[in-house]
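Across the two complexes that follow, subunit A remains constant while its partner is subunit B and subsequently subunit C.
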Partner chain A sequence: MDAHKPQTPVLDIQGLAISYETRRGDVPAVRDVSFQIKRGEAFSIVGESGCGKSTVAFGIVNFLGRNGRIVDGRILFQGQDLVGQSPEELRRIRGDRIAMVYQDPMAALNPSMRIGDQMAEVLIVHRHMKPREAEDACVEMLKRVHMPDPANVVRRYPHQLSGGQQQRVVIGMALLNDPALLIMDEPTTALDVTVEAAVLDLVRELQHEFQTAIMYISHNLGVVARVSHRVAVMYAGEIVERASVQDLFARPQHPYTQGLLRCVPRLGSDKRDSVLYPIRGRVPSPSALPPGCIFEPRCEYAREDCRLRKPELRQLYADHLARCHFAEEIRETVWQQPEDLLAHIAMPPDNTAEPILRVQNAKTYYQAPSRKLFSREKLLVKAVDDVSIEIKKGHTLGIVGESGCGKSTLVKTIVGMERPTGGEFEFMGVDISGPVSTRKLDTIREMQMVFQNPDSTLNPSFSVGYQIGRPLRRFKTVPANQVRDEVVRLLDMMKLGERYYDRYPRQLSGGEKQRVGIARAIAARPGLVLCDEPVSALDVSVQAAVLNLLLEIQKELGATLAFIAHDLSVVRFFCDRIAVMYLGKVVEIGPSEAIYGPPYHPYTEALLSAVPIPDPRAEQKHVRLLGAVPSALNPPSGCRFHTRCPRKVGDICEREEPPWLDNGNGHRIACHIPLEELRSMEAVITVPSASTRA
Partner chain B sequence: MTASGKALEQASRNRPLARLRDTFSMIVSSRIATIGLLLVLFWIVVAILAPVIAPYSSSAQDGQAVNKAPSAAHLLGTDHLGRDILSRLIYGSRTILTLAPLSVLAAVILGTFLGLLGGYYGGLIDEVVMRILDAIMAFPTILLYLIIISAIGASAVNVVIAITFVGAPGIARLVRSLTLDIRVRDYIAAAQLRGENPLYVMFAEILPNARGPLIIDSMLRVGYAVFAIGTLGFLGLGLPPPTPDWGGMIANARKFIWVNPWGVLWPTLAIASLVVGLNLFADGLREESTRYQ
Partner chain C sequence: MLVKDYMTRHPLMATLQMSVVEAQKFMGENKIRHLPVVGDGKRLLGLVTRQRLLVDPARLGSLSVWDIARTLSSLKVSDVMLKVPEVVTIDSNLTIEEAASMMVEKRIGCLPVVEKGILVGILTELDLLAQLSELMAAREHGVRVTIRMPSGVSGELAKLVSAIAARGWGIEACGGSPSPKAPGKWDAVVKLKVTMDEALAALGQIPDQEIVDIREV
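Moving on, here comes the complex of A and B:
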């Protein structure tokens, strides 16, 4: 099929540079990027937000917008240069041979067309197929991307499919034309872990089956480790390191790559035996790059030479390149843990402490509008259904689960922003089942919250100083004339400093906004801080700094934390106890080390098997869940997990609610499978012990 | 970003001044906004300097020159009572530039309050407030003006009341929709979790973030108010004579349009230029402010 010689790479990018014109002049977003992708190969570009990885992809498909343009380099696609061609020429060369899959499947699908029609359109337009033939081909393709019930799916509209199914449709559509190059830009970022794992399986499988060259863009090192053959790490518009996936993770040579790997918690490590090492400083803006090495201002190994001389991307040994003057030396140096960070290692929590929060049989139902006109029937969404948790003073409770499991609703009910339908809520000996407006000011002060979205956590109309000072004034934590000093003290504690006092939220980066949000939450010295995914919107290097900050605060103030997250490595690292939620219910609860080893609840097992681990040598047992999370409007009877459970015992799972099995030490599992059988499960994740890297 | 970061840092140091300068440079960078601003400024200057620049008093009658075309003595001609049209226009700008912004201000205060209330609380309060406002909006505007003015009588204060009453529902709807969007932001939840008073949340946390669209909408509404005052004057429901009133001038001159068309032309041009100026200014400002976000 391929006319060109087999050794010609499908994509060969040489010295690519892309600039955006702005009012302040040209911004060089991408500089000196070179790589090749061969047939059947998966090449990943990994980097933090703003590093230019998507710009490279847009450059290849000539989708740079009005103000972007390629200023230098060549993009050879199957041997032909795409740079400088007219749009018509480009269309002719490229034809239907390059396909792209984006992050948001809903944006790629036409919401008013049936799945079958929009897929068939591709074949009718490009391949001149007859509608009948095209539809059969589409059903066939949906089968190949493992879409359940494909004959039925083609008649549905996009909104009737789940996120994972939509992404399968988009991938299927991209493959319909049998493209030579498939570009995937963060295709699983918007999906839940279990769904992400299944989509990644699909990507790997299709790679073998279709022999397509894949360019995979992601910010997640774990995802990259799972799907790619070769990896390029991008930083501030340049490739800083390029190697095979095994080599990159086993022997990272560039200080930035090393830093990235050190600042994510390794699954299994926790705050009592290890520390996260954030990368200091922040990514330079492409319009104000340092004159020498672009990473020099943040590099721990930086020397005079790095400031003056710009390093080239040079070959260290076969197929391992790094943009660093001292890569060989750095490889030899044993990395020293910075002394000041070692102080972060947390003490084991005091197990004799009194519970500060006790929630018994909490229920939060929403009334959904009836689907039938004039019907009196009341539909209830059981967002939280019969959940009991408690948090001891000074402890951290993690709540994990996929979207829609009710973890956010539970927290909102506790803080009093949702009205509980039933259950007992006791906080520091006070009943808190009423909404926040009915609570005493003192109770309100003791419970504060840190929010997920850095862009919406701060009021854009007020200065940082005012926003942190407001709770101090409101709760009279300090006398009015000392508010400013206290705010400055808090800013110092957040490692921001007094110069941030008069700044406005729009002048802050995401991580800085999140720190101000934390300062505002702890300003009045609350007894309990509820954190709703406080780091999930942040880049990994910033994430580590924010997590360390939270640990430090907890140590200093003795605060109790509830920590919602979907990232299982972060929760494992950060929390003393963990509750796993599924569809409004807690299915497993216990000390964090107990949750991550057998016995598991079958759902926990599936979750752990899905976590992307930034180590290609890690072995995970292959447990995949079928179908989508059922609707909370009409949850399954008996055990709510029975519709997707790979270990379903039989009818009993459908009929009866599972009993709580007590594994000792406060570790409890809600399952019909006998505890002995659960205990005999094997560990889901095995990481080779020789991986003592850094 | 570092360059802009530095600029912002400086901006935060001397904030009010810098903001004024930013706003000004934004206006100047749009040609439409600049033209609009110049037209509006022209009338504001005229209104302020009225006693200095008007050649005659607004009510001085010249029995010898009735319904005259422009001449050296009367640059824009005279009306049916022999009053100098130029002077009446100049003094008329004072009336309209006082009443129009005043009535819009009143409408904004009332509409903002109702919109915040409905948007923030939702539920029954929202239903009641919005349905009442819908009922008001269901009436044709002119009819509503006629009903209100004939019920409470024609006077400057009543004109303001009528325009407030007619304009508030539209503003309330705008503020409500902005509130619905802002209400779900995390910083509102943070305020609620501090146990803040609902009035504080509405006016201190929500309102400042709705100000952009509100200011631009108000600017457009001043234009509509100028129109409304003109219309009321034309229908004889505006200010009682002999107050110089552009709408009233048109109504009176209309009877003599075959004798002296100038009497209709000048006040018409005055109203048009002020309304067009306000609209251009508001449109230009909106375009500029949304362009670089």
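Moving on, here comes the complex of A and C:
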């Protein structure tokens, strides 16, 4: 239909190379990057941290910082080369025709200006509009981004909006000037899954309406599958594969892409589809690149030639390029699945085991500061409100929910970091509802925790070996003269090795720090390990490696695991039972397989509909939740989910707490909808049966 | 069928500083015949066409060879462009027929689309021609029938459509205009996915209407 229109791409990057000047010489962060984005097209660059994708974006908008330089190549924006333009010209082009949206909306918005004023600024400065006119245009744009009550929102400050609403404002601001190119750098990474789904819907709708070309940067293959037309995969500064989104996911040609897709959990039809196979090795540092193909040290198909010659990005078939000497000869079916991983799934948990942890009617309330200056009102944040769970020995329980659901608080209460307000807590036959100081040393030793952010949980002043040894010394599980040997043994188990003993946390990568955290947690051989989102902060391939490591350890130690995640796809292959939490309560709990098929609690259904699936062929229901999570200060009466529930039955949802419905086999759902009706729901996700993986 | 649906959004544009030489190269490389010139905020300031790039010999008459070369190379688009009050622009909410009539009336090939002075798109004769062939479903195979009927009489087109509907056929395209060479008559053109014989049989017998052209396309 548009064949007669000028075909000049909005963005045409040719052989782009960007280097950073450092004291030790030039670091070639980006090399030989080429791609085009046409009008109205969504192009994604996907890659792990450090691959250079953000650097490419900064290069386009001339945001490289003082020591970054474009050393080669052309950036043609609407036919004109941006490299070599005067700063004045660039400023005009960037302001009027290119817009950028970043990861953290709170950082992009000025906290001291009202939303309306900030948005209007864009129009007043670039288009010389009058303030009145500009404000009207802003209200119009807020309506376009589906912001409820826009006339009111323009008067508010950023901190008065939720994360999802802030991101909508930022997107609206970016589109105010009708840019030809919109660059989005991980815009939904900081958002909850259900909010992310709504924002992605919005981006697609707006793109269609405004015919804006979008460059989407992400590490999340699921998001990329949902929003893009075409994709480029970057590794260590180079594009290793480039194709249409269907083609890339259906027939990945480059070994790195194939490896990446195997690391990403897929909500497929059964548990086997959810197994994660990590890529061995590490990403090379840009100052020490391999001489030949940059992926060669980690490639399972590498040959002598790969070490000697650098491969070009060449066309394999229509619109599908890969940077590999022998891509045609690699058949994915030849790839062998590691047998031991499959064995883990094949082994069912021992259902006859006794529960090691029993929590009944747990309540953890915080006191919130009163809103009035002098007042007796007691404001309670009901973070955990009447939760009952139990974990059998040797099993893994996954706890899933979005921010504010209370999962972290629950786990902290169990481990003793928070005081429970009520309920019974029994661990290995011992009552642990009292303060931590009343617990016996042995009880403390048996329950350990792995934290979310590896940066803040390791003491930067002490060496790795010292920190792992600390629980051994504290709990006296080995004689003092054998502590070092035991630490080395643990380091080996973590696949790190003795040479890490004397290193400091700052010398380690995120994945390595997390392994140290795990080593420290299991050092004293606890019976129960609580993991609070241990892999959320890590790259996809590192996540896969750490999760598999946890699995191995669990089998070896016979430990029980409680695993918190915000992402339903990660926990599937990993956990035996899963509990879904919403606003302080458990809404659904059962064997992990039962959670992914009907009957669903309506919230679980919405969560599954929101998770971006890294498979463009998968059909996923489109259930979206309206509004934001209510405040835990004043949770809704009756069923807490009723304010957002797409399947709300009626008044009963507002008046009464929902009963537990028993679906058999330990699967329970808290809902007023009769079980029969829930059973007849359609499955949220259907994947075409032919799997492309071996 | 409004202008906003058929215009080219985010058209290639130039700024005032672009030299005439650059503009010529740019238009050639990107195969465009009209280049809007914009200022801050994409405010339309002028329009450059191939014709405007041809420099009037009268301007150069008195200069020496070297001066000519220098003058030519220093010319900017702002020196040769058609400036804004004279540039004919349209609103994106207009119908494409209105846009087409404007182009015919003013004998121009390109209409920049503006909103409050800001360039939001461009509509060229090529867009309208492409749309014309879409209107008549030029890419579809079938039988194309031109039927002449009296104009100014209501119900005539309805007779044609009923005849087609009576057979249960679908209409791929349908258009019409006053007959070019027969005053008082109106030509309707329909495209049907049927055989010539079937079409003749169905439409040849409508009272007061005659088939003036029928062909397979």
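In this text, the second predicted complex is superposed on the first by the 663 of 694 C-alpha atoms of A that agree within 3 Å, B and C clash if a C-alpha of one lies under 4 Å from a C-alpha of the other, contacts with A are read in each partner's own complex, and residues count from 1 in each chain.
Here, contacts are C-beta pairs under 8 Å (C-beta built on N, C-alpha and C of every residue); 3 or more make two chains touch, one makes a residue touch a chain.
In this text, all values refer to a predicted model and were calculated from it rather than measured experimentally.
Participant: Is A:139 touching the first partner subunit B, the second partner subunit C, both, or neither of them?
Facilitator: Touch status of A:139: no partner.
Participant: Which partner, once the models are overlaid, touches more of subunit A's residues, subunit C or subunit B?
Facilitator: B
Participant: Tell me the contact category for A:507 with respect to subunit B and subunit C: first, second, both or neither.
Facilitator: first
Participant: Just to be sure I read the superposition right, which of the two partners does A:671 touch: subunit B = first, subunit C = second, or both, or neither?
Facilitator: After superposition on chain A, A:671 lies in contact with neither partner.
Participant: Check whether A:97 is in contact with subunit B, with subunit C, with both or with neither, and answer first, second, both or neither.
Facilitator: Second partner only.
Participant: Examine A:452 and indicate which partner it touches, taking first as subunit B and second as subunit C; both and neither are also allowed.
Facilitator: It touches subunit B, and subunit C stays clear.
Participant: Check the residue A:460 against both partner chains and state whether it touches subunit B (first), subunit C (second), both, or neither.
Facilitator: first
Participant: So which positions on subunit A get touched by both subunit B and subunit C?
Facilitator: none
Participant: Could you please specify the touching residues of subunit A with respect to subunit C in the complex?
Facilitator: Within the complex, subunit A touches subunit C at residues 1, 4-8, 10, 39-40, 78-80, 89, 92, 95-97, 126-128, 177-178, 180, 210-213.
Participant: Okay, in this complex, where on subunit C does subunit A touch?
Facilitator: Residues of subunit C touching subunit A: 8-13, 15, 17, 26, 29-32, 38, 40-43, 118, 120, 126-127, 129-130, 134.
Participant: Spell out the part of subunit A that touches subunit B in their complex, as residue ranges.
Facilitator: My answer: residues 23-24, 284-285, 287-288, 415-417, 436-437, 439, 441, 444, 447-449, 451-453, 456-463, 467, 470-471, 474-475, 502-504, 506-507, 517, 520-521.
Participant: Which residues of subunit B touch subunit A in the complex?
Facilitator: By the definition above, subunit B touches subunit A via 1-5, 8-9, 12-13, 185-187, 189-190, 192-196, 205, 208-209, 292.
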